[in-house]
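Let me begin by handing over the structure; questions about it come next.
Chain naming follows the written order as A, B, C, D and E, and within any one chain the residues start at number 1.
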């Protein structure tokens, strides 16, 4: 098996690397963006190859999808003359990079042989986690604090974006194809998102993946002007953005106050608590991501 | 298997460096942001590869990658917005 | 007891305060020194004043300060009286009197001082305040004379300071003249001798004297020459112990300096055109004699020696006579004098030359005695020549005074009564003092023998003859150049100090040249923040890998 | 009760100027009555407290206050004889200067700021004097730098700002050097209290290099404030400050802070034994002597009154340093007593210069002609100060010179005597012409016709009384301390007391 | 520990409240939250003093799996400092007239920044630090962009570099995890060896952190970002945000890194610190703009931290930890004061340049005084917090003659800092024609600017307990 797989891996790596180099080095920005989206897709294949289906999902939805839309939107909003690459290539920089590459690769290679990890510990703890999918267990139970803060990161990105007071995403004219497909795509994403969320407790999937999908759906709807521009004025929007992190925090406090400790779910409730948290987090993620992509609707405009 | 892992690890490192190089050599903000994403991908690749070292994958690393992805996408979104805003002011 | 030694210097100060409030007090200043006489008569015990500067003690402990106190009191009192007339119409009379009184305070204090510090206090006060007297009159000559005077006075002060400190150290911190019998160091002796010598004005430290006396008011010249020069001598006498190896060794040198000075000054004086200048040179010459006495005393160091009496008597004698002459010169240059005035004028002049029946005769006689007793007996004949020279000089003075009468305005009348009487007192003093003071009388009786008499008289007669011949020949020379040397030097000194090259440290950062470099760097780093930072990160990481 | 007082009194002395100072900051410009009240209350309460402490110390009581500060180095305020010498001087002169400053600044702007900082300066000076160990000393030393700066730049003109920058460049650098020195000593020996004879002698063998470096650092650092030779440049520049500032700070507080520091360093930190083992004082002596001569010559070359006085300060303060460096008891008396005497005389001179400038707008020496007719009292005070500086007896300066000279001989450094002689001559050379001009020269314009002011009705009104009286007061003190040097309550007696305690076997 | 958690959670909740309900009088809510957070922080500090360091495994999981919080004297102190500075800045923002326009967006961001900081201080987990660093970075950049157009370029540079640094850090963290299988600092400390992977990982982490902390020579983004940010933001960023990476750097090198690596690295860090002191100080002396000057002063002062850290590692002297953290706290307080004062002055004159300060002693005496007093601590004048820190720093330098060159560095640095502080202060004393009544309002903001400066001087008085705290820690 080794040889064929190795060749496959090698090809995968080469494609990835050449795409990456191309993204960096290609002359036109537009090409660069397109190549980057392609890179994201290849990357999600790589994840799958490396036995990380939930990451592949997340990468496809978040890395390639949403980031791609964001990049395109930014491209559309930028002056064309700014899209030129640096005119000269600095061999000094290349030399430095190559030297660094040798050093870095030499340092990374030994890692393959030192299988130190938390696998055993995590497996041991799975029983008490309330979920069966280990990634979800880590995300929402073992290292729930990271996830909580991540929601805050999203919130912060949204706040930061908001107060830049940019006009909302400029789309000159709704793309006819999008118009046509949007109505079907959006419910589909919602269904898939819901499924992913539900599945997250036992298999690949979970809040982020489903949130990303839902966000994609929302974006499509927004681009079709099916839903109005997202604005901070709407209480339900605020509520949905904040509910994930807010509820998570409340749970954290309650566990600290009433329970055994900070984020220490009571064993009997842990499954349902995690589900509620995931659900709310999904809403938050979806709305926030969509909002981040489509931009703030100014109250005045 | 180890060879393959080593390959992916090296690729991760090189990806990271490629992104770094792109960030270094490009002056366009969007390209810089893309380069950052490539850097991030490199790190994630290393992480996912490391998760594969044992028979069962390491859920912790996967979870970290998920977290990292979300952080990356939010940061990218914000950065792109900021890039657009900063360019617009110049007009 | 209501009056004590420490009151003596205070009373003039009191007068000063009163005068500042009521300027008319200046007419009564002649009273200020007089309480001293009362004290002398009453003779209270010496006092120590631990409240004051270290070692302060006041009183009289030897004939020298006894006589010097008398002479100071008399001179200051009479000169004050004289000055109260002559300075009556002076615009700056308050200033004059202030300095006068300060000077008087200092002089009186130093005479009654029993410790070096008090002496130094008085001496300094006197010398610095006397600047106000020297430079009192407007014009450039007094200013220049004053400058020279002050420069030398300050130099003297500092030398005395050094000598004083050295001496106190040598004596192990003792602070009383009476305890100062320890051997003196060479340096100390020279410092003190020079320091006081600059005030005493013997050759070769007399530079300021011929310049200062002519420009000072007559009364001031009188006290300068009469009292203040003596203060210098007193200082030498008090500070430098006799009969120590150093002083014994120094004695002959000093003696011959005095001797040479006595003659040199006569020669220099004879060449002068102004009465007061000539008188100043005469003082220089007389100081030479006083120096000789001190030198002889150093050789013997006998506390009972007649030299002590001699010093005291000589001081008194010269003081009154010279003061009388200066005041007379002052009168002669401003008032019309009649014949009897001139007769009176001759008296102190000839007394200085050793006219029999005057103090001059007493001191000359005693002086010769002393010299013949000492190892300098060989120089005895020179003394007679010295008397002759003195007489010559004083006759020249009188002649010059007479000449100056021609220059005064026709309107000038006879001297005022007060001025005249005060002058009269001093002029007659050479005769009167021997009648009052036993020591003088004793010597005077000795001089009445024929041999002594002729010994005293022939120089005077010879001098008269020479003068007559010289005036017939109308020998006139000028010797101004030497006088101006002092003035010139003092100016050069000032110039030199002001233009003395001293390094100055000024640090200046010259950054203008680097401005554009800085700008470029700033611009570059603000535009290229990202690439530069990333490049540096690279560089750092790579260099760190080398590190381990 | 008594122990309480012994603890509180040192702090109270510092606070007696600090608190009014801080209150004054908060006052409005127009509340001048309140400001004056506060100032005077501070002044007199300080005098009272200092008097109390003087009495106590002369009876042999101990005053000490401490709070913890750094590890091994508490903040200690203590009243010993040496500190009181300086404290008493500062307090008395603060009295004079406060009155002077009130008169001087009447009607000008920024008075609250001025008096606020002024009080802070005095507090810092007093604190520095009362400091019981090096770290405390350092604290107040740096505070003094800070508090003085606003006073130097008070006028706000370009020249003042420039001078302020120069001042800071020097004093802050000096402060850093002192800091380093203190820290170095702390690293080597900790920071015990000052004790007569010092506390470093056990370390001489082991840490010779460290001790030497610390001494050099601290002397250089303190030398900045004491205006020692290579680092004296700020002092003449700082003369752009208003007259009271020049008077109290640049004649007394600041420069003396440096000199006082050197005294502490030599006697109570290193100790004479240690220093003679390390052979460090030779250099200090030469430096001080060079400063004396250099300052005098530079003073001679100045044409502005205040500049000349400033260089004179440069020269005179080094007398103290020189006296300390000689390491003998008599020289120590000289140095300690000069600390006071020089302060009295120099402050008088600066007051006079201020009076001239304020009354008749006279800044240059050539404008002084005939001043004695117009302002006889000020001129008289000036004369006293100047003569005292020369060392003319019986003014205070003579007493210091006496002991310094004797000390030089006693310690076998007879060359120093000639330094004093030279300095005396040079002092005379740069002061006497001023006196000549004031008393003897003819004024360029008759005073009656002078644009600035008419001839006053009475002698006592030659200038504002608040300017005149402090001047006369300090001049009188300069004479009295000289004449009554032998009395029990003179600075000299106190200096002898200090030396008796310092040099006690 | 619970108190510390309260101190962390309260700002988060307050932020959400503000975002959700958007009350009219937001400032009171924010101030109350800050006060509560401060009280909680103080209780946490007291509990540490009473009962020593406390540890908490989040979620109750075993140590390698769970994220661990640890409350030590140092981070308790930092939490208190954070809370104090936040309270002051928030009050300032509420009272300053010049902050009206940014308030709406400022409150939640500032609160989130506060919570994130506390989260960072408490955490002992490498990956959790990554998340908190991201939080800080995003919050900081968002705050910078509040200043409007001019700040955006600097903000973008800041953001990109911050992201770059995060990724560099993350790579290092991943490598460490790959090698040792744990993210917990305490566990790592027992495992690490001086092999190649560890070395590379530590270097990557350090580079990332140094970039985030704007340690010289990776500081270029800081002056632009900090000087263009709104006043209260500049204060927060300079005072607190740049200290967070320093904290991690310190824990990493002093705990995790084996001494074979730490000793040579320490030398380099110290050299870089020296470079920061020199170049930062010099730049501050040269810049014509007020806030840029203050920002460069941050660069320079961080050099002290780096120097202390470097020497601590190089000489393996635990005593220097006290110096390091007192520097950080003192600088935080002083810099808050400086930025608030500078910002208030700049806002009231409307000019950026230093020479617009003319006559400020008359028009804004309190602000200028605050600047000067804070500057005194930066220079290290006694008796200020800066002085104590510097004192502790130079003690080990001085005791060995071989170490004296470092002391020379400190001397020059001190002089440079004095130069730039007094450059500003002396301008204020210049005469000007502005009338005194021009800026009567805004007094309270000026006093608030003075408050931290006074606190930093008070630190000196309470140095004893502070140092004891540090001793407890280093023991």
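The rule is short, and it goes like this: a contact is a pair of C-beta atoms (placed from the backbone, for glycine too) under 8 Å apart; a residue touches a chain by one contact, two chains touch by 3 or more.
Quantities reported herein were computed from a predicted structural model and do not represent experimental measurements.
**Q** Listed by label, which chains are in contact with chain C and with chain D?
**A** E
**Q** Going by the touch criterion stated earlier, list every chain that contacts chain B and also contacts chain E.
**A** Shared contacts of chain B and chain E: A, C.
**Q** Counting C-beta pairs in contact, which chain pair has more, A-E or C-E?
**A** Of the two interfaces, A-E and C-E, more C-beta pairs touch across A-E.
**Q** Taking each chain's centre as the average of its Cα atoms, which chain lies closest to the overall Cα centroid?
**A** D
**Q** Farthest chain from chain C, going by the mean of C-alpha atoms per chain?
**A** A
**Q** Please identify the chain with the largest separation between its CA centroid and the CA centroid of chain D.
**A** Looking at centroid distances, A is the chain farthest away.
**Q** Go ahead and note the Å separation of the Cα centroids belonging to chain B and chain D.
**A** 68
**Q** Suppose each chain is reduced to the average of its Cα coordinates; what separation in Å results between chain B and chain C?
**A** Those two chain centres are 101 Å apart.
**Q** Taking the mean of the CA coordinates per chain, how far is chain A from chain C in Å?
**A** 107
**Q** So, what's the distance in Å between the C-alpha centres of chain E and chain D?
**A** About 42 Å separates the centre of chain D from that of chain E.
**Q** Quick one: which residues in chain B touch 2 or more of the other chains?
**A** In chain B, 16, 19-20, 23-25, 27, 29, 32-33, 42, 46, 50, 60-61, 64, 67, 71, 74-75, 78, 82-83, 85 touch at least two other chains.
**Q** Of all residues in chain E, which are in touch with two or more distinct other chains?
**A** Within chain E, the residues that touch at least two other chains are 65, 127, 131, 134, 138, 141-142, 145, 152, 160, 164, 175, 177-178, 199-200.
**Q** Could you say which residues in chain C touch two or more other chains, in rising order?
**A** 530, 534-535, 538, 541, 545
**Q** Which of the chains are touching one another, listed as pairs?
**A** A-B, A-C, A-E, B-C, B-E, C-D, C-E, D-E
**Q** Which chain A residues qualify as touching chain C in the complex?
**A** 93, 96-97, 99-100, 103
**Q** Show which residues of chain B lie in contact with chain A when the two form their complex.
**A** Touch list, chain B to chain A: 1-22, 24-31, 33-35, 37-38, 41-42, 44-46, 48-54, 56-67, 69-78, 80-85, 87-88, 91.
**Q** Report the residues of chain E in contact with chain A in the complex, numbered from low to high.
**A** 2, 5, 9, 12-13, 16, 19-20, 56-62, 64-67, 69, 105, 108-109, 112, 115-116, 119, 127-128, 131-132, 134-135, 138-139, 141-142, 145-146, 152, 175, 177-182, 195-197, 199-201
**Q** Would you pull the chain C residues touching chain D in the complex into a rising list?
**A** Checking each residue of chain C against chain D gives 49-54, 56, 95, 117, 120-121, 124-125, 128, 132, 135, 138, 143, 146, 150, 154-155, 157-159, 161-162, 165-166, 168-169, 173, 494, 497-500, 502, 504-506.
**Q** Taking the touch rule as given, give the residues of chain D at its contact with chain C in the complex, in rising order.
**A** 230, 233, 294, 297-298, 300-301, 372, 387, 390-394, 398-399, 401-402, 405-406, 408-410, 414, 417-418, 420-421, 424-426, 428-429, 432, 436, 439-440, 442, 482-487
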